[in-house]
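Multiple structures follow.
You will see two complexes here that share chain A, one where it goes with chain B and one where it goes with chain C.
What follows is the complex of A and B.
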């Protein structure tokens, strides 16, 4: 059956695509939402919405962070930016969980914890499953590259059908056109995002180089890559610690731009060193400059030599993926292109089912086909619902609750699970797609209202009056997306077209019959 | 903002011209085949407008970010045109014309970098 090169590529595209399509959809949706991770972080921390204007107090933030991690050797502080006005603190103590907190930029007080938009970012790169998840995501990314390339090979009419979209309801043609459209027109983006996505984690996937060159010593490898040097410890406590605020001011002046991180190294030793890493958002590759300050006097010591070219190349590729450059507009473009990627994956799953309508109906729900249908509805309709529910959970859970961040994540998972169960139960009699899309639409429409009721100071109206466009943007974006999901729910309500029951239109088993219909651009294996 | 809209509008105009240069799509829009000259003119205008869009995005934000700007708006403009034209062909053409004209106007009369 797979005689020609194209037929074997069609087989590869179908099956390599199918087995990772659900996990890829989750990765794509997570990544799309993570385009605005810092904005979502801000939205999910109402304590930050009422800040008085004034300079940030890095010293107060450092004090809080030191109190939380007294034994940490190194502290990282991220100063406020246009996207997120909080000071973020990161610290690691051996044998304890990693500390990642948001601090009030005025007094350094701890802000009630939330998973924040960061949740989607973590979901995007490791599915919230640690190292195993990183490997799974890498595998999915590599299979996506395979599916993209084999997809171009089997698409016989890439240029002829370049502008073709035939949205007649029902049948596999519209789905296939939709899949080809988002796949072909978004191809540069998909190729770039899949390739750079795999590259970001390349030292985890291709370990031979580190094993041979650095005998598996990851720390030494990263040190050599980034070209930073570390001060020698003096084994006595520092006399005092210099003011971080002054250092930040000085660094911003010297860099002529924003500082991404302040790194406080050897905090318990007289060799304490503070370095300021430039954000470098005017370059795709991001910051290369690193200013070093004496940690006791606060005097400027010099600038680290920039990273070597190899690392710069890596920074460029990962920068292209992480899109921290170029302001909000380009994040919007990535967000929209990511959304087309989600559509590409969703339509692909639908094409797979539509192509096999007969077999699907004959085999019933307790079969492989039933499993595919269940996964389709559970992932493609369930995950958007769970994502909106996370925002709801953020506002509805009391702020004083202990372990609040964990409960937000749990509610995300619980809603996703419930949605999947509901979808599966309704597959036999009912319209699971309509139910889940409709609920998502309702939650999105009601999001600004719920926000206004629970946090009156953060409502859409209040944030527009305060000209807080980041905050207003999230509520305002929920509305068109609500419309989109309502439209999806509406088209899944329409009766299924029975045209394909027509024997002439029935999915033929031989490729001869298919070439007569001359319509599908992709061959079935 | 102006810059973004101009980029998107120019790329959209470019795709509209390139699409209408194809006889099959020209027929869908106007019911007749395009003359060879018209087809060629449309194709040339299409390529020129997207080149212009690339030139201004590189001038605006340098080679690295400018290229990303252009490429992303190029893809989104294509998707917008292809999704719009089967449903609202007249509006799709009108949008290409008005958007292109408005962005050319903005580029000629307000070429100051502050606007961009």
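What follows is the complex of A and C.
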């Protein structure tokens, strides 16, 4: 169909890239913000900012969690860490929504709920759309892998173009240079992220191995993966439940490091078992060791044999993606490379439109081209605005309000929808990109001020005085990003851009041939 | 196929319905056909890889996404729709049948 291999790869790059670019942008922005999910969790829970120093009480937390999920068979408790001072509790009761709560580490009291930074993490891996969302994200990841590989093939001068950035001519050349620069700069990271992102959820959609090897029995498969066997139920209630605090102390001593989770299994049965999974923050693949305790006596029973080799490889690959290793410096690196990916995707969507300026003008807004332009402005300019709005909603909604976590999520969606509608309405007469980027910049600049007014104890000044760098970091980071969005809003108002977007002011285009020769590698259908 | 002229705008605007169909066909082949071949390859690798069962299952699943990527690139490089589709269906089908026939061997510990 295409004449050469490179042309066919350009074809693949253009179309596989276009259909997935908006979903990928949402996944990328969600993932970039989720690099600091626990930090955002902390920022969004002001009740944790005034904690008195002292040891955590896992027993008090377990009591609260059992009260919330009386029929759950298994409870998970995550002890406080440097990144999150709360105790997190997780439980699942059949037929009820999954329980995921933050508890006060001193007395186990429930912290007012918020979607937290976890919102961006869920958005990142399933678009807040359950199992269907996991499949969609998996397909988007495959298309990203394809777009990256075909992008390398069509890009003849990878090294040379890396040093080429021509912002001044404006229009297509600048967008393409921006796309190439961010694409090449982040290429190793993006290839790694795309492949590891697809394989993380492979047990949801690549089930052939389990079908053949285990006749589709997922429970046996998971048991083989974890390298642990479960205690046999004795069908009588336990005499008592051992102290989780003592078990946690013992586990930390035996591991010589932090515990990621305490898992309480068979909680209503005499076979109750408590296991402590090591955090393993110094390893890319995360914790390998799992200590097992008797749930009634609290005595140490032994250590599991650990995961099989291939699964350890999987854990290494997914660990590269999930970035729970290496501390804040690595998370910042991932955050910045993720932001680079967002720019790569945003410029790509813009290149597609700029290359088709004449068709866009001829077809008008009620066409496929109009749809692409609407999606571009709605997703690329709308989602950052909605994301900042989520932080605003967190502070502005009263903390004692029932169902406030759901209202935070609704305000995120409502702002995104409004931003998209505004963007689409302004496409014909106006500067939608300037409006939305400008609003985002204003909300980012005003974030520390709003925070200081609504939660004086959590303000930037107060957190600097308290040397609470996690809390101060969120407010302080809002300012340079505000500057960045202000710059984006400013370049969106330049006359050159306007001329390309508004047919009434379109300059005579004798430059079609020039722009064709400027792009030898990428063909236009 | 796409370069058929349509009046004076022939250089840049020849997006015919046939061209759109061709793009859609390739993308479906890359995603659905590619998934089929990847799934079949994971099934067959679970049977043939020389390691213990849990390691075979995990390794086969990890490798299947590499297979999918290579297949999808081949799909777009194929000269026409026939050459794009038949190797997918034949290759995927043969691997699935082989994996099913030797499925008991695939369950060895």
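Observations on the structure shown:
Here, the second predicted complex is superposed on the first by the 495 of 525 C-alpha atoms of A that agree within 3 Å, B and C clash if a C-alpha of one lies under 4 Å from a C-alpha of the other, contacts with A are read in each partner's own complex, and residues count from 1 in each chain.
One rule holds in what follows: contacts are C-beta pairs under 8 Å (C-beta built on N, C-alpha and C of every residue); 3 or more make two chains touch, one makes a residue touch a chain.
This one's a predicted model, so the numbers in the text were calculated from it and none came from an experiment.
In the superposed model, A:409 lies in contact with neither chain B nor chain C.
A count of residues in chain A touched by chain B and by chain C gives the higher number to C. When the two structures are aligned on the shared chain, A:182 is found in touch with chain B, with no touch to chain C.
In the superposition on chain A, contact of A:15 is made with chain C only, not with chain B. By the document's definition of touching, of the two partners only chain C reaches A:213; chain B does not.
When the two complexes are overlaid on their common chain A, residue A:362 makes contact with chain C while staying clear of chain B. Of the two partner chains, chain C is the only one that A:150 touches; chain B does not reach it.
Across the two superposed structures, the residue set of chain A contacted by chain B and also by chain C is empty. Within the complex formed with chain A, the chain B residues making contact are 1, 4, 15, 19, 22, 25, 61, 64-65, 68-69, 71-73, 75-76, 78-79, 81-83, 85-87. By the touch criterion given at the top, residues 162-167, 181-182, 185-186, 188-189, 282-285, 316, 320, 325-326, 329-330, 333-334, 336-337, 340 of chain A touch chain B in their complex. Residues of chain C that touch chain A in their complex: 1-2, 9, 11-15, 19, 22-23, 26-27, 30-31, 34, 38-40, 42-43, 45-47, 51-62, 64-65, 68-69, 72-73, 76-81, 99, 103, 106-107.
Listed in rising order, the residues of chain A touching chain C in the complex are 1-2, 5, 8-9, 11-12, 15-16, 19, 139, 142-143, 145-146, 149-150, 195, 198-199, 202-203, 206, 208-215, 221, 224-225, 308-311, 313-314, 317, 356, 358-359, 362, 512, 516, 524-525.
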